Amino acid sequence: MGILEVKNVNKRFGGLQALGDVNLDIQENTVHAIIGPNGAGKSTLLNCLIGKLEPDTGSVTFDGQPVLGRKPHEINQMGISRVFQTPEIFNDLTVMENVLIPCFAKRDGAFRMHAVGSVASESDVMETAEKMLSDVNMLAKKDVHSGALSRGDKRRLEMAMCLVQEPKLLLLDEPTAGMARADTNNTIELLKEIKASRDITMVIIEHDMHVVFSLAQRITVLAQGTPLVEDTPEKIKGHPKVKEAYLGEAAA
Amino acid sequence: MDAIILQILNGLDKGSAYALIALGLTLIFGTLGVVNFAHGALFMLGAFCAVTLSRLLTLSHTVIDETKTDFLGNPLKVDMPYVNDIFGPEIGSTIIDWSVPLSILFAIPVMILIGVIMERGLIKHFYKRPHADQILVTFGLAIVLQEIVKYYFGANPIPTPAPDVFRGSFDFGAAVGMDPNVIIYPYWRLIYFAFATVIIGAVFAFLRFTTFGMVVRAGMADRETVGLLGINIDKRFTIMFGIAAAVAGVAGVMYTPINSPNYHMGMDFLVLSFVVVVVGGMGSLPGAVLAGFVLGILESLASMSAVIDLIPGINQVIIYMVAILILLTRPRGLMGRKGVMEE
Amino acid sequence: MLGLRKSDATLLLFVVAITILAPFILNPFPTNSAMAQFNGGYPDLMQRFVIFGIFAIGFNILFGLTGYLSFGHAAFLGVGSYAAIWMMKLLTMNVIPAIIISVIVAGLFSLVVGYISLRRSGIYFSILTLAFAQMSYSLAYSVLTPITGGETGLQPKNTDPRILDTLFGGGGAGGRANFFGLDMRDSYFWSVGDWSFVFNTGYYVAAILMIAAFYLSIRIFRSPFGLMLRAVKSNQQRMNYTGLNSRPYTLAAFVISGMYAGLAGGLLVAMDTQVGAERMFWTASGEVVLMAILGGAGTLIGPVLGAGFIKYFENIVSKINESILQGWFAALPDGLSDFMVAVIYPFIGKGWHLTLGLLFMLVVIFLPGGLVEGGQRIAALFRRKPKDNDGGMSAQATPAE
Amino acid sequence: MSNFQFTRRGLIKAAAATGAGLAMPTIISPAFAQNQAGYTNAPAGGTVTLGFNVPQSGPYADEGADELRAYELAVEHLNGGGDGGMMNTFSSKALKGNGILGKKVEFVTGDTQTKSDAARASAKSMIEKDGAIMITGGSSSGVAVAVQALCQDAGVIFMAGLTHSNDTTGKDKRANGFRHFFNSYMSGAALAPVLEKMYGSDRKAYHLTADYNWGYTTEEAIKSSTEAIGWETVNTVKTPLTQTDFSSYIAPVLQSGADVLVLNHYGGNMVNSLTNAVQFGLREKQVNGKNFEIVVPLYSRLMAKGAGANVKGIFGSTNWHWSLTDEGSKAFVKSFGEKYGFPPSQAAHTVYCQTLLYADAAERAGTFNPCGIVEALEGYEFDGLGNGKTLYRAEDHQCFKDVLVVKGKENPTSEFDLLEVVEVTPVDQVTYAPDHPQFAGGNLGQCNPGA
């Protein structure tokens, strides 16, 4: 049994069937990619996993616990973090503060009235955050306004924010979208390092096949809201159905 | 039962004033994305257009009347309006009598001008600023506008009556064979209601059936896309601001016979009209109109003495209570769209 | 010092120095000079400076940090005032119970209002708070007259029971608001040549509380809690996906700022034993918004400056009348003096609202960071090196939408 | 020269003037301060400062402006300028046109905003900063009661401006406060006989009442006095202060079977409710075989101006009107009219009288000490100030004088000529016992000289 189980999930928007009977079983400590043409329902699926959307039917369990019906912050506290397609960071805060916030969330839970002691005096949290920043190579920029960062830096910061929580499952929504080749390669290296250095399960949605085949151990192909096929990268590459539904289009 | 019919009638009339103000407010918010706290002030400026015109029409030279004396015992100075000199006393006094309806013609160009100046001179620079800043700068502007009006016209209300023929009231009851005096309603208020309906209809028709309106509506839905099509949406939005100002202005003009205008009438309406817009749903034109009428009717019903006796003070708070209830049960107001003004 | 980093400690010391020395700073002109008109160093105004300073500091904890714009904060101030005056009428004229109860009652009231209003955000939140405040005002003015005194408000009367005072023999201050016998209105005068300075008990009681409130607000700004509030303002969605529940944070901020408002309301009563319902009217809520923005929302010192600025305007500029103006320009030739009077007159005295509105627009247009930003720009001009001396300020540099 | 002084309350000027000539600051005991001054803000030097606290912003700003004009006129007359106005017709001849007690009268002004908080802040600044010995003005009972309580605490005299609620000299009366203006009870007592004469004793009245203290006392006064002449009260409905459109309150009036509408409204409320009532055509209606009538208990000319032609023929009461022909009124109208070009309002009249009465009391008492003033004013009878023989009653510090019943003029000759005096109700008819139930629950207390 995998760490994340998605069973018979359906989601309709008006007349449109966004997700139809999605079943997924994601194994612990793997990198699992979900690919598919535009409008296949990839992002909708991710949104259902983090509580942004509520599926019409079906169930999602994480680590044996039901996920559906919980609020976003509760799902995160279960150990699921997400990197968004456009980096969602605290633009008004400094890089360091951006990383401190998930540190506190990890240590103190969803809410703690911690109104008198200063942030600077929380040495354990400060250390964790600084270590994380140095891991992603951003320590030098810790006092910079995150709003002023480059897109690549924002992406790295967002990943740092997710990783510092030591999630069991990291969801990545097109982590290299809009990046230059060099940045993309850096990101792939970063993700590889992350994977190598800890026990973590990753689910990646990605268009860039280079990224997918560099990282993924298993791939699910989604088309029109339904999983078409799930297999190892090698097998997916040669799969006729996939070629027809997806790679044909991507190659064009 | 008669009492309830009467109050519903009344509420429609009240509601038409709310709806008119809320309509302009929503128009500005929907097109420009600006929260305009000076909208009440535009309503007030419209009302003072009527005052100004009636002052202009009654511009006078003085004639000494030796037969009468003034309060100090000196010969009385009688004002003779120039209009009387030009058109003769009969037509002259008719023109003066009709100054309020005439003011509409005067107010529309003036208010469009004021609106365009406001948009180009101030509001334009606030499109990209946070809503809080927009609220604050337009609030400051509202204070400045009303203080200027107060400086020139004083703090006292200024009577601006309707034309003679529209004074008095229409007896609905008698017209349908019921007892007389049961359901009566002033002519001018009926006119106001009809007027409001026409204006609201005209604005909707304008947005629906003209190319200009379609572009603006498209812009309301997705400004960037329309911009990408190479259409100069900003220019149209400026015009929309002028139109919204004119709608507020004529609403103000027509309101003057109902209540004598004073410099703070805009502020009196401001809070209320915001409640109306929010209850209707930010950015929704039909929502604003619907909420205006709903709140007008509820306010009227709450002012019935039977209701007040049952729940003391209900007439003081009904609007706010309804607003709270609606916002809690319908997060985006009656007809609001998702994601508007929630960040 | 006191668990503050250096720049904050400096700021705190600066505020302490200003409040203690206020009687000198606010009375810079000799008593009998023409400029004495501009002296603001009399007890009532000094008290108002610090009390509305507290109000604005509290408002800023909500608005400056979380970005939630409450348009109904005056209701908490008013509720605090009513609680305080009832304490004085029923128990004792000692200000301590009155102030404590005002904070508690305002806190409870803000808990209820906040719990409901915070279910919505953006302008919907603003309108909900406005609706609650307007309901409070309307009811206090009318049907609640037996509790609130309605139009004529509440004042202590010699017929009040004052149980504790009666029990302990009336206290020394004879039915006046006091701090264990120390009359709030006692003042020391110090005349130096043509100058005279007044040191008022009530002012210093309020000033100590304001310094405490200011200190607490620094601690909140620098705390993990403060960081979370800034996170709410910056990106509430990211916050939720980071495992943080934003609702209790915003509610806590709302209640804290409501308690600050209650403290201000209680102090108003302690200094001037009277409450009227207008204190809760929406324009009063608007005023504290103006104070925060004018001074610089999200900064530590800004709201205090804004409060001082507006109260100074309301009390000093509004008192300049035509004859005073004529006095100033009497030295000029007749025509010129008339001209000067005619030009300036619309903006002062009864025209003070106009000036305030204009200034306010100018600040919002050109100085979105308020007076603090203005000060920093001036300082930068001299130093040629902009310095980020205020952590909260950094949030202001790129306003969030 | 340096002087460190302790006192109960603030006067910067006086403190500055009493230099002790010591280099070291000295703390002076309260007892010493009292010996020196004896009362708050005792005038030092050749001038005395009065505080004129009137609405300069907000809806009553025009009324406030008229009050301010009258104050400036009164100061001019007290200092011997102008034609002397009512000082010449005033029955007391203590005032000599050389200021008060030989000290030149100066004044400071402030803005009440018609809010009790703002009014008190403004009054406090006059007392604490400017050393005002007396505060006067205001245009609403809320403000009057709030400032009166403040003056009582501070130990200065308060001479109320326009305040009509019974409470000002009823349950909220204070020893340091005095009211020249009339009140709700007097309006009722004066109006009832005229209404009976004009409209008969078989009438059904419908009250719309402003939902705050003044409205309550006025409604009670009018209700009890009209019921005493045989009228029936069909309904009383409270309307919110912030209401601007009264249509939903006016519309049901005819259905109720009432034939008289009483509008217990003032200011903007009155202008709007009256305008709305006339709009509904109520005045052309016949109910119970009688003409429908409207009554406005408290009239003011400025408000009548706001309501325009709607006031024609409508009865109400007023404290004073410029068309009165007694010597005092004529003298006042003349000097006010010549200075400003239009006749004074009743608010201007009452504050002018209050200023003169204060000055006169100080002259007669020979001191500015509030307790001396209180003694001089209590039970003081005077004449020549436009209202006939008048008594400042000792028990509640209320002036008892004739009350005017007026009605909106049918054919006004100018924008000021809006009301005509129908009857001058003699003072006996509007006098009530100090312990009348409508005034119960108050306590003057002791005069407070402060210091």
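The chains carry the letters A, B, C and D, assigned in the order they are written, with residues numbered from 1 in each.
One rule holds in what follows: contacts are C-beta pairs under 8 Å (C-beta built on N, C-alpha and C of every residue); 3 or more make two chains touch, one makes a residue touch a chain.
Just so you know, these numbers come straight off a predicted model, no measurement behind them.
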Chain C and chain B - chains in contact with each: D
Chain B and chain A - chains in contact with each: C
Busiest interface, counted in C-beta pairs: C-D
By mean Cα position, the chain sitting nearest the middle: C
Maximum centroid distance from chain D, chain identifier (CA atoms): A
Chain A-chain C separation of Cα centroids, rounded to whole Å: 46
Distance from the mean Cα position of chain D to that of chain C, given in whole angstrom: 32
Length of the line joining the C-alpha centres of chain A and chain D, rounded to whole Å: 74
Averaged-CA centre spacing for the pair chain D and chain B, given as whole angstrom: 36
Multi-partner residues of chain A (at least 2 other chains): none
Two or more partner chains touched - positions in chain C: 138, 142-143, 353, 400
Touching two or more other chains - residue numbers and ranges from chain B: 313, 316
Chains that touch, pairwise: A-C, B-C, B-D, C-D
Chain C - residues contacting chain A, complex: 3-5, 219-220, 222-228, 230-231, 233-235, 237-246, 248-249, 252, 256, 394-395, 397-398, 400
Complex interface listing, chain B residues touching chain C: 35, 122, 125, 129-133, 135-137, 139-144, 147-148, 151, 267, 271, 274-275, 278, 282, 312-313, 316-317, 320-321, 323-324, 327-328, 331-333, 341-343
Chain D residues touching chain B - in the complex, by the definition given at the top: 58-62, 211, 235, 237-240, 242, 244-245, 247-249, 251-252, 254-255, 268, 271-272, 275-276, 278-281, 284-285, 287, 302-303, 305-310, 322-323, 333-334, 337-338, 342-343, 413-414, 416-417
Complex interface listing, chain C residues touching chain B: 67, 69, 116, 119-124, 127-128, 130-132, 134-135, 138-139, 142-144, 282-283, 286, 289-290, 293, 297, 346, 351, 353-354, 356-358, 360-361, 364-365, 368, 399-401
Touching residues (chain side chain D, partner chain C) in the complex: 1-10, 12-13, 15-16, 19, 25, 27, 56-57, 61, 64-65, 68, 72, 108-111, 115-118, 120-122, 124-125, 128-129, 140-142, 145-146, 149-150, 153, 165, 167, 172, 211-214, 216, 238, 240-242, 443, 445
